[in-house]
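You will see subunit A twice below: alongside subunit B first, and alongside subunit C after that.
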Partner chain A sequence: MRNKINKYLLCYTMPFGLLVLVFLLQIIFYDVPLFSALNIKNMLLQSVSIAMTALGLSYIMMSGEGDLSFAGMFSLLTVVFAIVTNAWSNFFIAIIAITIIAVGVNLMISLLVTRLKFSSFIVSIAVMFMANGIEKAFHQQTTLINSEVIKSFSTIEFGLPLVVWLMAFVYLISYFIINKTRFGFNLRIVGENKYAAIEAGINSNKIKVFAYIIAGLLLALAASVESTRVGAIYEQGKYYMLPVFAACFFGSSMFVPGRVNVVGTLVGALFLGIIDNFMKMINVESYIVPIVQGTVLIVSVALASVQNRSKIVQIKL
Partner chain B sequence: MKNHNVPKSNTFKLPMSLAKTLAFLILIFTVFILFSFLTADFSFIKIGNLNNILADAVIPAIFAFGMGIIVAGSGFDLSLGHIASMTALITAYLMSGGLEFAPFAAIMVGLITAAGIGTVSGLLVSRMGISSIIVTLGMQFLIIGVRQIVTGGQSVYIKNETFKWLATNEFGISNLFIILVIIGVLCYFLMERTTFGRKIQFIGSNIEASRYMGINVKNYTMYTFILGAVLAAFGGILFAARAGAVQINSVDSKLLDAVTIALFSYVLFGRFKTLGIVMVAILISMIGTGMSMMGIKTEWINFIKGLILLFSILMEKFMNYNTKTTLLKKGAKNHGR
Partner chain C sequence: MTGNIVVKIRGVKKYFGATKALDGVDLEIYENEVHAIVGSNGAGKSTLMKTLGGEYVPDEGKFYYLDEDITGLTPFQIQKKGIQIVHQVLNIVDSMSILENILLASPPTKNVVLDWKEGKAKVKEVLEFIGIDFDLSKTVGSLSISEQQFVVLARALINKPKVLVLDEPNSKIGLEETEKLFAVIRKLKAHGTTTIYISHRIEEIYQVCDKISVFRDGKCIDTRATKDFPQDELVTMMLGKKLDVFFPKANVETGTEILKVVNLKFKDKINGVSFYVKYGEIVSLVGAVGAGKTEIVNSIYGILRPDSGDILIDNHTVFPNHSPRKAIKIGIALVPEDRATQGMIGEYTVKNNLTAINMKNISKNSFIQLKKEVKLAQELNDKLSVTPNDINYIIQSLSGGNQQKVIIGKWLVDPYKLYLLDEVTAGVDIGAKSEIYQLLGDLAKGGAGVVLATSDIEEAIGLSDKIIILFKGKIVREVDPKVTTKDEILSYIMGAEKYAQ
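This part shows the complex of A and B:
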């Protein structure tokens, strides 16, 4: 009985604490309409692309690898999307193009990691810088999307904006895949203990390649959403690196402690969105925002790894 | 990753490290010849240009010393570029404006700040058990916020001539290169000739064994981060002396150079090697200068550097193919137990 209570405490203290924190913020800054319908809608809209990218990263992290390449790829994909839509004014050509790019690059990374045993962090850092270089070569400022039809995708609403429903749908599917299917079960085993996976006869290379491909799809989706909403901003991906990582690590400190999980990632991304939105509404100085984000990341990871803090995590190359 | 090939037969063989160094020198020489023919009317081999290449190699090399020390202890630091930017900004700010610090005092304050940042990330990595990539990513954003407070986002111009002297051509060769030689010798003795450096490298190769040997694993991991931050900060200060003006994010992008050079040297030699880092830095600076003289846009050079990074890992895999594959097969047979 006591074990069970402890387990529930471990799983649900964190989300409950976050909820209390948000309510406290509302009580302290009572003149900020944090829970008004408009604000909630805005907050959800802003956190859609972060949440989707974080979901993709969660797949990769569940399979026991790490990834930084999205920071470079994200801005590259938004630029390609904006340029292609402006050239042909066709939504589908653009989305097919960026999906092919994202999946292709992630497939390449996954093959390097699984077949040639490269360190995934180093490969993804190299890819991040390469993507940055390409982006710099033919894009220097903000590109807005001209077509009104495509822009209106981000404003269509059924109660909530369309992209928010899209996010909810993606998360629902992912929850089902991770928790209810054989693939998800294998994915979690590969990340948890690769020797157990070998004993169980799981082809861990195949699983990892699939995880990377799903991450690529989600990255393309997130980039297209971001591009339709605000256009392609130069080196935007850099500023997404931290929130996405923070969402994943935040997620790993709740519901299934110590492991990256789908619901946790969603809660983490939404919490970061709330904090970001809140800081915008009380008009803090611009330099406070990165400080708060960095602190949130470090504190959340410290909370997630508090159980095995005596062990130093090394990065093997 | 580690290459412990000791020649077993009695016949004379070059030591592995020396052979690799010679091979790398040949590579540098080949690239040199290639570029001197590719550029218009041999402008690549003019004395001024060669001096420029050496001076260009200095700041990335000093960054790479810092990164190399951290990587030798199996850590990773994403915030090196930001630490260097912040230090350069603080140093420049203290010397200009109404403060008018002496250059030495300003540099000292900058280095102490960097050491403080390094201590914080080192403590978080070693005492809290957080992955160093995450810690330094968070630290990177903290620095982005904090450095905005120092000057309010303004860039600072340096008027102090004594400070600018650091980057002049006093003795025919760039002063920066002399500084690089001094720092290189210090790093060489610290990392390759003392127990301190040996312990760090041992922790990097096997942390469990070094703990059983009685090495204070936590402290030494922390020291790598402090040393790395201080060296990067020094690189940032030299950058400020060379450029004459510091923007708020002027050195951030040097992280790519640091990572490329440090990892290239690390995978090539299998350990921290000072000479290796200097050689790779010169090679990469040569490629960058040569390509921009050929009229390739500077943006593509970043892309090429990323490719070089990937290529270096690939090269390591092929070089250590025999030892690596047998180890992997052995691991696969009994599942790593």
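This part shows the complex of A and C:
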């Protein structure tokens, strides 16, 4: 019984605490309409790209690897998206183009990591900088602005904006994949203990490659969503690196303590969206935002490692 | 013995670089037998089993399973054929439940969805067969090592293998659990499963095995029925020489008390333990897994902070501010239970491991004097007769017994007053064991106090001046090894409370 209570405390204290925190903010700043329908819609809209990118990163992290390339790739993909749509004014060609690029690059990274045993951390940093460089090259000629046609996509609504439904959909599918299918089960085993995976006859390399490909798909989706939301394109990924990381790590402090998990990542991404949105509404200086996000990252890493440690103590003693 | 040959091994060779791990192994395993494979560390037993299981591909030779050539198949294919290997290392996923861990390799699915309900029924059946009851939703990380061993065993049995290989399954589990394991092996035999059993504990092999194969230097040198294999002959054959001194404890004049532990308490692991050790004395702490031996030893060394009680060295308390650093300073040495993670730096050389705590002997003005370092390491290596005799060898590629010799060896440079040894011979072959016993005897002769935490009763009787028996963190009895018997100690360890007063 005590164990059960402990388990629930470990798993659900964080999300509950977040809820309390948000309500407290609302009470303290009573003149900010945090919970108005319009604001909730805006907040969700702002969270979609973070949430999708973070979900992709979650797959990679669950397979026991890491990734930073998304920050640079995100910028590059939005630029390619703008160029393609401006040239052909076709939404779908653009989506297909950036999906091919994103999946291709992630496939390349995954092959370097699994076949040549490169450190995923180092490879992805290199890719991040390369993507940043290529993006800058595109900016040399003109300022890239998304056409109004594209932006009209963000106004499609069915109760909630289309892209929010899209986010809900990919999370639902991912929850199912990770927790209910053999692939998800194997993915978690590979990430936890590669020797156990070998013993269970799991092809770790294949699983990792798949994780990277899924992450690539999600990144392309996130970049498309971003393109429908913003006008001028310039280094979009720069603003995503921190919140995406923070969402994953923050998520790992809830539901499955000490482990990156789907629901946790979603709650993490939404929480960062709320904080971001809140800071905009009370008009804090823009330099405050990354400081707050960095703090969230540190706190979440601390929480996750405390939970991990408490588990280790259980084993040893 | 009659019956079909299940596994036939023909001329298998396997090289790792210049090292011949397997040098032409021929072996037949018959249906429905319990076949022991014995040999020193590094004789090739585990390598052979990994090659049989498909993890390594042999450089030469063939494996046959029921006359079918299975050489070069992947581990997964070999499992599918019905050969299951339980490795020495527990490959578990800490954060997952017992249920998920047991079904790791074969989670049942309905369409594409995992079907844990069906899995549960299967797992319950296997656990009933083993005779163990688990709360399946608990995470495996929260289990004790011996419970984890049974989780791994259950995983191996879930697909009802024809051949089960157990690679030192009992090096980490207690006596009670070993009995349980043997019951399972006998039951499997009754159900027609062949078991290949690798162990260093020779006594136990005689309890449960039908046949014994002896390995030495990568070859199978003899196979006989257990009843035709006298124990001393077996040991001689394993080592390639006669084992003279086994328990070398000479009568040593004991001095004053070096260590006194007073009413030590820690959570529910240590419940008021008091004892003392004199100079020149070897005191054994004996008990099942979880009896509190490791916790007591770690408290003395300052790794663990006990809740209450006192520890006195030469009649001076070590508290407050006790730490391993201080322990070393006042002359306490520890050989920890888990040598792979606590006892050594696996990827460093033998030399580095030997000299790491002896820096002051080999450095001058904060600079390491390389010549001195090499000299010191070489001297120790010769003294300990570590094989191969190469101080630049990476320690984790040594066999377990040789690793342990290096770990003990680093404490022999400076004189220490008190040696704490936690399961010092676990997973160590009989030859190296004998050498380690010799070392311990010498330490006591030199006047140091020795605390030997062990679950090997023979070792305790053979080596020590005093045996303290622990049960659930309490001392149930203190016995004199000269007048006690193995059975007496065993009864205290297992059913302790009934006998205690």
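Everything that follows uses one rule, which is that the second predicted complex is superposed on the first by the 294 of 317 C-alpha atoms of A that agree within 3 Å, B and C clash if a C-alpha of one lies under 4 Å from a C-alpha of the other, contacts with A are read in each partner's own complex, and residues count from 1 in each chain.
Here is the rule we go by: a contact is a pair of C-beta atoms (placed from the backbone, for glycine too) under 8 Å apart; a residue touches a chain by one contact, two chains touch by 3 or more.
Just so you know, these numbers come straight off a predicted model, no measurement behind them.
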Which superposed partner A:Phe185 touches (first subunit B, second subunit C, both, neither): second
Which superposed partner A:Ala302 touches (first subunit B, second subunit C, both, neither): first
Subunit B versus subunit C as contact partner of A:Glu199, first or second or both or neither: both
Subunit B versus subunit C as contact partner of A:Lys136, first or second or both or neither: first
Which of subunit B and subunit C A:Leu10 touches, first, second, both or neither: neither
Greater residue coverage of subunit A in the superposed arrangement, subunit B or subunit C: B
Which of subunit B and subunit C A:Leu162 touches, first, second, both or neither: neither
Partner chain(s) touched by A:Val256 [first = subunit B, second = subunit C, both, neither]: second
Touching partner for A:Leu25 - first (subunit B), second (subunit C), both, neither: neither
Set intersection of subunit A contacts, subunit C complex versus subunit B complex: 195, 198-199, 311-312, 314-315, 317
In the complex with subunit B, residue positions of subunit A that touch it: 66, 68, 112, 116-119, 121-123, 125-130, 132-134, 136-137, 195, 198-199, 241-242, 245, 249, 285-295, 297-298, 301-302, 305-306, 308-317
Subunit A contact footprint on subunit C (complex, rising order): 55, 74-76, 79, 87, 89, 91-96, 100, 104-105, 107, 109, 112-114, 138-139, 141-142, 267, 269, 295
Residues on subunit B engaged by subunit A in the complex (per definition of touch): 1, 71, 74-76, 124-135, 137-142, 144-146, 148-149, 204, 207, 217-218, 221, 256, 259, 263, 266-267, 297, 299-307, 309-310, 313-314, 317, 328, 332, 335-337
Subunit A - residues contacting subunit C, complex: 3, 180-182, 185, 188-189, 192-193, 195-196, 198-202, 256, 258-259, 311-312, 314-315, 317
